[in-house]
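Structures are listed in the sections that come next.
In the two complexes that follow, subunit A is the common piece, with subunit B as its partner first and subunit C second.
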Partner chain A sequence: MIVCVAVVGHQNNPLYIQSFTEADDALKLHHIVHCSLDVVDERVNNPKKSGPTLNETFLGLLYPTENYKVYGYLTNTKVKFIIVATDLDVRDADVRNVDIALLRCNNASCLSPFFRRFHAAYVDAVSNPFHVPGKKITSTTFAERVSTIVKSFGLSSAG
Partner chain B sequence: MEEYPEEWRTPPVSLVSLVGWSEHHHLISTHLLSHQPPINTLALPDLSKLLLLLPKSNKPPLDSPPQQGGILKRDWLIKHRTRIPSVVAPLFSSDQVSGDPTQWLQVCSDLDNLKAVIRPRNIKFLVVIIVKDGDDINEDRFIALRKRAELDAKYILTFNPNDASQLRHSLNRHATPLPFFYLFIFYFKDEGKRIKTRVEKKSINSIDFNIRHCFKAAVYAEFRRDWAEALRLYEDAYHILREMIGTSTRLPPIQRLVEIKTVAEQLHFKISNLLLHGGKVKEAVTWFRQHNNSYRKLVGAPEVVFLHWEWMSRQFLVFGELLETSSVSIQNISSLVSGATDRPLTEWELHPSYYYQLAANYLKEKRSSLELALSMSETSNEIDTSAESVVPSLYVGQFAQLLEQGDSATMKPLTDEEYTDYAIAEGKRFQDSFEIIALLKKSCESYGNLKARRMGSFCAFQMATEYFAVGDFSNAKQLFDGVASQYRQEGWFTLLWEVLGYLRECSKKQGAVRDFVEYSLEMAALPVSSGTDAKPFRFKECSPAGPPSFSQREVIHKEVFGLVSREAGSTSVEDDTHIKITGDTPLHLEIDHVSPLRVVLLASVAFHEQIVKPGVSTLITVSLLSQLPHTVEIDQLEVQFNQSECNFVIMNAQKPSLAAMTDGEQGHQVESAPLVLVTNKWLRLTYGVKSGMSAVLFCFTCKSMIFSINMI
Partner chain C sequence: MNRKEITKPFQVEIESKQKQKIEVKMGREVSESCVDSLLTEMVSTYCNRFYANKPELAARRIEAIGYQVGHQLSERYTMERPRFSDHLEAIKFICKDFWSELFKKQIDNLKTNHRGTFVLQDNGFRWLSRISLDPSLENAESQDPSASTESKAAQATSMHLYFPCGIIRGALSNLGIPCAVSADISNLPACSFVVRIKA
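Then we have the complex of A and B:
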């Protein structure tokens, strides 16, 4: 399940952060997103280490924390999309070794389309003539669209 | 890792026992110890001591299950290192061997006795003959000795103690101490086989037994340096152990889980160590991940949950230390990272800092669980007295009560209640905060080396909150300041809000008025609002300043203006703090080009004309912008130029009493205007100034007096 999505500008400034969790850990998610920028930097600045993912916009799994997994996506304008997902499904599947399909779903094959939809929503939001480039995205339409994408991802991964 | 006994942490060292001719023992011992791999020696003056050391086995028959429960005996490893030799080397002089029949008979009798003692235990032996310069052993006697000892010629070594240069050669008849190693390998191979047969027969359907024997076989394999076999056997033992959870009923539930976890920890340590030293970093990390996944949910009984978190923390710490010490070639991270399929490894999982950070997090969990357990235990005073007599028992991961009756002492098994009391009493002895700080510091330094600034900042932030919690505000403030500048630089205002909340509290506790006002103003002006997020922040662990929201900004605004406004005079923010501003000691804040307070107040002075002529009046516009949540009223604004005669003061027209007070004080031009700054709205004031002698005129300061902020 996706618990947080973020758009981070090319100066590493947050442009949009939305969390989807009932627990009181919104601030913790901010920290996680911020820390994940180090991994993005590492992957972008050290192309040799980052291997085959270099030329792709989807950066893959950035790093795992205790309860979450962080995935990244880099647009060609160096804007980063970060999502934080709970690791519960993956861990259960891994331990019990029963649901490999679910396990893979949180992986590249499933997240890449998600990021593409998210990217499309972002492009629409920043194409608004009233949006100031580099400033926070305050559009409610964008927020609603992101919510829909996140919810639909939750449904598809659960199904 | 240091808390593990040495025999666990280091590779096994074989033990050889030297018997007789004590004067040569030191020389031989030193020589054997200096070899790679080293050999420990147990020096015995004569054969009778060996008899004492190896009494007739009083073990129960192999086919009967052990009576007292337990998986691994605590001293089993150390026993094979220091007490039970795998090879015995009796020393005879060449005179004894080649001498008269009486001496020869004595040699034969000693050999027979030795064989009788060591055979039941399958201990191997070789014979060392001490020769002097020019000595030559009778060939017939040599053959007779070989036959008597039933040894191959290569296991009869000669040693000349007088010739140091020859020492190595004489001991190493085969260039290296191979005879010793051959025998060690035979011994451990035999022992391993014996154990393996027993396990394969499965005559005893006891999980304990199977784990123990897999473990022993693994240690024997390690002794003979068969790392692959050792690894396989340790893994077998680990997997069997995992099956034991939920099936074993030997001990009360809490103690049972503690024992299983302790054994799992030791097996896991061995496995990780072997994998890492074999250069298999990826496998080690994957193994650790599985280990973590298998056990992290085995929290156990609610009253001892803290034991689980402590255990988890130790797993991460030890694995981090192992990664750090083994420091195998992790340079080629890309191959490690990209090689994985379903669950790829990430860069950070290969660095110790990641593990230290999580170890600290788990230790925090432990601390809060322990606090809860302590608050729930009403008999905390009684605990300490009964817990004192609890000691580690015979088996790994078990504890018992030591009862002394006169000279004798007996071990009494504990009930789960007694064990819980003991665990809580032990837990109280440690200051977890310092341990957490130490772990985070390690992690922070390690992230620093990796140039992962943000992760380092997060660790520093966590360290600072720990310092804050223990009341060390000076260290906390220093760390928070560093973190705040990182967040400020990148515009992460929600995170900055949290840090500033702590900083504000630190300065309040330290009585630092200026800092308190600065942090408060910055917070009040921070563009945070709950509107940016899907829902308002309502996190439990928000900073002392509360969740970032407009209403909270307003609260802070009112508080700080209440403190500094003249009307308030000498007020304190709270009665228990030393924050005070009086009219005698006004507070001066400077907002320069790099000040974080630029977010609070901005001032700019614009000249209407491009050229300023001496003696001719020119117009300037002073613009002020406040981003504070409420309207701010300024008492007086002083604009200073490089030519002091041009300076002028604007008084707040709405406060005539103030205007009268300072009117014409220093002969400066005095103007009057409504100095009211509405949030996010520029206040523009235009005035004429006349330059004196010079055409070079520039404004360098705008001084606004509410509480005297200088804007340059």
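Then we have the complex of A and C:
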């Protein structure tokens, strides 16, 4: 389940950040997103580890914390998408005795289309002539689209 | 039970691919003549109405509009591709994919001095293909063979090139390459864009 999504500009300026939890932990999630920016920089500047997936927009798992997993995506225009997800799915799988390695790779391949849809929503939002490049995205349509994408992701991975 | 678990993700993947296909099919189209008219109208409005006496200012405004368009388009057209590793790759993207999206053809010739200057030559630039010299100007030229009318026509043509220059500059700067772009008309439908990357 995705608990937080963020769009960060090329100067590490926040463009959009939204959490999807009932609890009042927005600050904690923002902190996690903030920390992940360093990991993105590290990945981009030392690309030797990536090997065959060199310069891929989807950066994969950035780092796991105790309760969350952070995934990243970096566009050609140096805009970063960060999502924070709970790793409930994996624990579910543990219970159901499914091969974890298989599921983990599927998790990543599930995320790739998620990011693509997210990127499409972002492109549409910044193509709005009233949007000022480099400023926060205030479009309500974008917010609605993002929450739809996040919700549908929750559904497809829960089944 | 186990089998179901394994096949499910694949189904999801196929579904998403089908969705993609539909999205590709429904790619929006724009009438060419509308774009031509819009460009002509924009240039004439800025040159003759808003900034009639200040052509430099008009040029800068038109270039700024192009910049915004290029900025937004580059975000959209680089969506499905891996990140560029160097300047040449980004310029190649402009020459091939970006140009095909805009004009349904690629840049015909790319030259570089390997020191940050690139010359992109289009032998049949679409937005110039309909441009011809004003007949009244040509008559005037035959009566009074001065260079001024010719330069006037050239100036009017070059006004139409600030917009594509702005598009290229906007696209490249959004890809992290600050640059200056100028255009050069040699013989009419052909034109070349000179990109100078700022160090």
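Everything below uses one rule, namely that the second predicted complex is superposed on the first by the 141 of 159 C-alpha atoms of A that agree within 3 Å, B and C clash if a C-alpha of one lies under 4 Å from a C-alpha of the other, contacts with A are read in each partner's own complex, and residues count from 1 in each chain.
Just so we're on the same page, a contact is a pair of C-beta atoms (placed from the backbone, for glycine too) under 8 Å apart; a residue touches a chain by one contact, two chains touch by 3 or more.
This structure is a prediction, so every number in the text was calculated from the model and none was measured.
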First (subunit B), second (subunit C), both or neither touched by A:His31: first
Touched partner set for A:Pro133, first subunit B, second subunit C, both or neither: second
Touched subunit A residues, subunit B compared with subunit C: B
Subunit B versus subunit C as contact partner of A:Gln11, first or second or both or neither: first
Touched partner set for A:Tyr63, first subunit B, second subunit C, both or neither: first
In the complex, subunit A residues that touch subunit C: 10, 54-57, 74-79, 96, 98, 102, 106, 109-110, 113, 116, 119-120, 122-123, 126-127, 129, 133, 156, 159
In the complex, subunit A residues that touch subunit B: 11-14, 16-20, 24-28, 30-31, 34-35, 37-39, 42, 48-53, 60-66, 90-91, 94-95, 100, 103-104, 107, 136, 138, 143, 147
Interface residues, subunit C side, partner subunit A - complex: 2, 5-6, 8-9, 12-13, 16, 68, 71-72, 74-76, 78-85, 174-176
Residues of subunit B touching subunit A in the complex: 293-294, 333-334, 337-338, 342-344, 346-349, 354, 358, 361, 447, 452-455, 458, 461, 487, 490-492, 494-495, 498, 531-534, 537-542
